[in-house]
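Letters A, B, C, D, E and F name the chains as they come in the text, with residue numbers starting at 1 for each one.
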Amino acid sequence: MKMRDIKILIINPNSNQMMTEAIQRTAVAFADGDFIVDTVSTPGAPEFIDYYMDAAKAAPGMLKLFKENEDQYDGFVVACHSDPNLDLLKEISSKPVVGIGEASMKLATMLGHSFSVISTAEHSIPNKQAMIQNYHLEKYNASVRAPKNEHTSLSAEEIFLNTAKSALEEDLAEVIVLGCAGLSGLDKNLSRELEIPVLDSIVSALVIVTGLVKAGLSISKKRRYSGIQN
Amino acid sequence: MKMRDIKILIINPNSNQMMTEAIQRTAVAFADGDFIVDTVSTPGAPEFIDYYMDAAKAAPGMLKLFKENEDQYDGFVVACHSDPNLDLLKEISSKPVVGIGEASMKLATMLGHSFSVISTAEHSIPNKQAMIQNYHLEKYNASVRAPKNEHTSLSAEEIFLNTAKSALEEDLAEVIVLGCAGLSGLDKNLSRELEIPVLDSIVSALVIVTGLVKAGLSISKKRRYSGIQN
Amino acid sequence: MKMRDIKILIINPNSNQMMTEAIQRTAVAFADGDFIVDTVSTPGAPEFIDYYMDAAKAAPGMLKLFKENEDQYDGFVVACHSDPNLDLLKEISSKPVVGIGEASMKLATMLGHSFSVISTAEHSIPNKQAMIQNYHLEKYNASVRAPKNEHTSLSAEEIFLNTAKSALEEDLAEVIVLGCAGLSGLDKNLSRELEIPVLDSIVSALVIVTGLVKAGLSISKKRRYSGIQN
Amino acid sequence: MKMRDIKILIINPNSNQMMTEAIQRTAVAFADGDFIVDTVSTPGAPEFIDYYMDAAKAAPGMLKLFKENEDQYDGFVVACHSDPNLDLLKEISSKPVVGIGEASMKLATMLGHSFSVISTAEHSIPNKQAMIQNYHLEKYNASVRAPKNEHTSLSAEEIFLNTAKSALEEDLAEVIVLGCAGLSGLDKNLSRELEIPVLDSIVSALVIVTGLVKAGLSISKKRRYSGIQN
Amino acid sequence: MKMRDIKILIINPNSNQMMTEAIQRTAVAFADGDFIVDTVSTPGAPEFIDYYMDAAKAAPGMLKLFKENEDQYDGFVVACHSDPNLDLLKEISSKPVVGIGEASMKLATMLGHSFSVISTAEHSIPNKQAMIQNYHLEKYNASVRAPKNEHTSLSAEEIFLNTAKSALEEDLAEVIVLGCAGLSGLDKNLSRELEIPVLDSIVSALVIVTGLVKAGLSISKKRRYSGIQN
Amino acid sequence: MKMRDIKILIINPNSNQMMTEAIQRTAVAFADGDFIVDTVSTPGAPEFIDYYMDAAKAAPGMLKLFKENEDQYDGFVVACHSDPNLDLLKEISSKPVVGIGEASMKLATMLGHSFSVISTAEHSIPNKQAMIQNYHLEKYNASVRAPKNEHTSLSAEEIFLNTAKSALEEDLAEVIVLGCAGLSGLDKNLSRELEIPVLDSIVSALVIVTGLVKAGLSISKKRRYSGIQN
């Protein structure tokens, strides 16, 4: 398949329109005209996906979006780094569905000995660890780190840079994964400062999903993701 | 980066010109004009990479090829499914280097619960298993299978189809990885017969390497692949 | 806390009233008057929870049931062996919530070297395996088995007995876990035939949840299950 | 089986009568009249079980106690957190035998993302780690911690509180397991201070053993714990 | 240290004098005059160590033997393949103590991709698996096999040869470990037939223990095996 | 086989004659006249093996050395702690070939709960970790440590002593492995200071290789190391 014919839909699982626009900017900059990409917010979803409850609340809207757009697009991205309802969409889809958490962390394993995930909040570290275990990536994972919850005059970029620096120096991470769609856009600056690869998870998912579409590959419909029709 | 500006060099680690041509055919068909791809045989390498000795014999020629072409290409693929000398090329390269073994098996994990590798010879099963362990993919791996070494009137395609069928039914594999560059081209027919995704490893590596180039990502030069210059 | 004061609510995540009644019969027989137990069907849920989609559809009803009954009961059981939405209920609850999948498999590890799960359908084997991996129980798990999908004149009990026998003899299982709420009630007969422990998952969850209530223990509200209020 | 008919014998593997009495107090407070529980010291055993030698010295007395009481009790608890001679008693018993180490750590996994064990002495940390590995609980274990061996004016409770606080904050533990029968009774205060579940291992074992008895479940006599009679 | 000055005591944990003599024959044949080796039966131990109970009964006699001979010998071997009371002897000894189970299986990992253990009875397979897990050797272990318990006119050697052949062909084992001191002496014939290394566990332990003595190495007395004196 | 008839060749994979002489001194001191041992430098190899490139450059010389000496010696040692080209030599050899990395770390596991590797440079820590994972030794490994890269007036011995002390106290290592042939000779002093076993990797490999030769054991030529001839 020709790249220029590929149409990707990015589903932002939350209802935050500003984040949707930021995701779309990152996606368009990466696509650079090579393929078509659109990003949509999830109707009825919370402003931010942080808890299991948020993921549950996002499910109906995500399903609705998927079904309405299934025929118009060739591949789908779930654009929250905790991959909410990813198994669900993989199950019902006959086209490629890629989570930005899964794609970014698995891509990171091909670029160095180990990666660290930079997360936004300390309370989400165990959830990230649980996700890393579900994807069987423990041996590639140097650490999950989040900035301390304290008052500071540093900019957000400086804060995340310091967090990543600790991962690089103390946890011996060789690659950094930005563990939130909201961190999209920080990758280039952080990478320049740290002199190691920093993965934007939106970009990572687009690498995988466009490649799958171009290769004519999709989710196996045998057993785990077989869905009701089979 | 625009896809049409990306130039990939596929290094076939063996000296078998017919296999090089077959790899190039698969690569060109996948590229479909979207990016530029060339395939070269390794001078001085054996006709087939089967043993540790073959990989050692291929190393000098692969290094020579890499150095001669480092400036002209944006990304490199090592096109033997046992990923010979991949760590070596990752170490000396400042541009993306992707092994078809690593790429195909890691891509497979995003398409189903578990994958099986179809290999050409039974004696290579432990080597494949060792590679799967090095990539920490044991929990995603349903099995490594190779056709029995016995006389048969079946065609090669039928033999590998039967091997894959056993993986699908007895080992509960949901995705098949073709574990040899020489099997390139069988994926479409096998996938149609088995009704599950079958990954061509050349195609898989091209998905990853073009994506990395487009995203401006490369091997981390911190520690493990730092090379002598650092 | 006195056992006779303990009130447990069993949430059957599906809407199948006959299954709800069967679960309640098992629960009442086990309670034997020692504690109070009620079972409810989930409004708006499918008749059977088999796929990720079913779990998603059951979530709103399960949340509604939980909130309406949070104050009247001391502990809660999710009565489907795939533990649908268990993380979600653990997150929002300040009282013990126990899944019959988690409870039965973890209890089984204290009774022998390894256990096998008997499931109802072959297509669900990978999902069970994924659950076993999430609970880090791989090393205790001899196998997941389901009856072959074929015509037979055998009774359901005979079919599951044969499946369990294969697990015992071929996979060296020493304990059997009945991997579906719908198999509740088969445990005594199977155990007598096989001469090894056979765990009913409803009973297993009641053991854990009543014990936690009596001990004054509940879900940690630190980080992973902290929920929005924290 | 009715709870009020259940009779549990707690075997304190050491000969320290004061510890036996403390264990019995904890057990009686938990039972609260719901079931019958007795605790006995092991004749001929050391004052404290710390080393492999202590466990070996305790074995004859534990066997004697078990055999003398096998008919009078329905279930047995081994009340030292290193579970000395637990495999031995599981092997010879046709009734449930539960170790307080195994029960407390496995129960902890149902209450949060990860648990830390608080031990009494630093030299026992590797032994606890070995036990955690034997029970395949590494992925649930945040850390094993013991107070530093230094002079302090703090009370024992304050010392263990500080140790648990470090586990909670530095190791991200969400649940605390008190790793010694001698720490029994500290759980309520520590839990109040730390605001996370703190498991008393005597209580944990009583939850499991009474549940097993009530459910009519016992050790599998197939293979690993078959014993000589089979 | 000169080899000819090294004195090793092999402790046969059972009281079977014929097995003790067979072990001593194997040991003397291996030593071939290079070092001094004696084998003793354990007073008060059972005729065969098969169950946890047998190990417990052997402990006092093994301790007595060790203490009586601690000064006269430079290193000690525990000559039952389940390594009964090995942790106990490691704890109290300041000289090398080697178990034939641990030594043979760890040596096997240096000779091929994976090994199979040939055991004497099917009921001991889970116990062997538990031992393999305790030594963290799962990834090197192809299988544990024991002859079926059935009437046959084959000789013992033929039976074990067939068992090993199945491990080699069906489980892809590349090395065989004889999993019982009682199988000592079969290694040469089996190795000739199978054309792969077959490890006698007595010989394996002597390799390790004489090497440790000669190198002046012994058990670390820090923490896990510190013993009471520290 | 008599020890005095055993002839071992140590292949130093680098071309540094001073290191070759130091290795030979350690080997001769250990042999103490019991067996014959020679050490040779690898022609055409770099002065130090640090990177994958160094290992690749050493391969032809190591192969040449092996083939020239295959008939004269009974066993071979690869004397660089990263075990460069060890799989290659195992593949082509019908006699025992032992790597000092593999031998020292596996021997260490028999002497205590966990070991730390002391390496010479921080950038090699991930490579050591990758090697530890390939040998499936993660659960025995407390840490890999290297001295910080900073100016100091301390002697080399003091620097490595401090590094080992940190491993002992902070990582709870019970055994130290000297992770470089160049550290050979430090073991006795460090062991005296630290009061725990410190393994010289040259000595460790000689223990294993002489033992294998004496026992008549060698690399399995089935599958993984079968080589082209099979």
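Criterion: a contact is a pair of C-beta atoms (placed from the backbone, for glycine too) under 8 Å apart; a residue touches a chain by one contact, two chains touch by 3 or more.
Just so you know, these numbers come straight off a predicted model, no measurement behind them.
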Using C-alpha centroids, which chain lies at the maximum separation from chain A? E
With centres defined as the mean C-alpha position, give me the chain B-chain D separation in Å. 51
As a quick test, compute the distance in whole Å between the mean CA positions of chain B and chain C. 43
For chain A, jot down the residues that touch at least 2 other chains. 113, 125-127, 130, 133, 136, 138-139, 172, 174, 223-224
Think of each chain as a node with edges to the chains it touches; is that a line, ring, star, complete or other? other
Quick one: in the complex, what on chain E touches chain B? 113-114, 139, 172, 174
In their shared complex, chain F is touched by residues of chain B numbered 50-53, 55-56, 59-60, 63, 85, 87-88, 90-92, 122-127, 130, 133-134, 136, 223-224, 226-228, 230
Can you list the residues on chain A that touch chain B in the complex? 1-4, 30, 32-34, 98, 102-103, 106-107, 109-113, 135-140, 168, 172, 174-175, 188, 195-197, 199-200, 203-204, 206-208, 210-212, 214-225
The answer for chain E against chain C in the complex is residues 125-127, 129-130, 133, 138
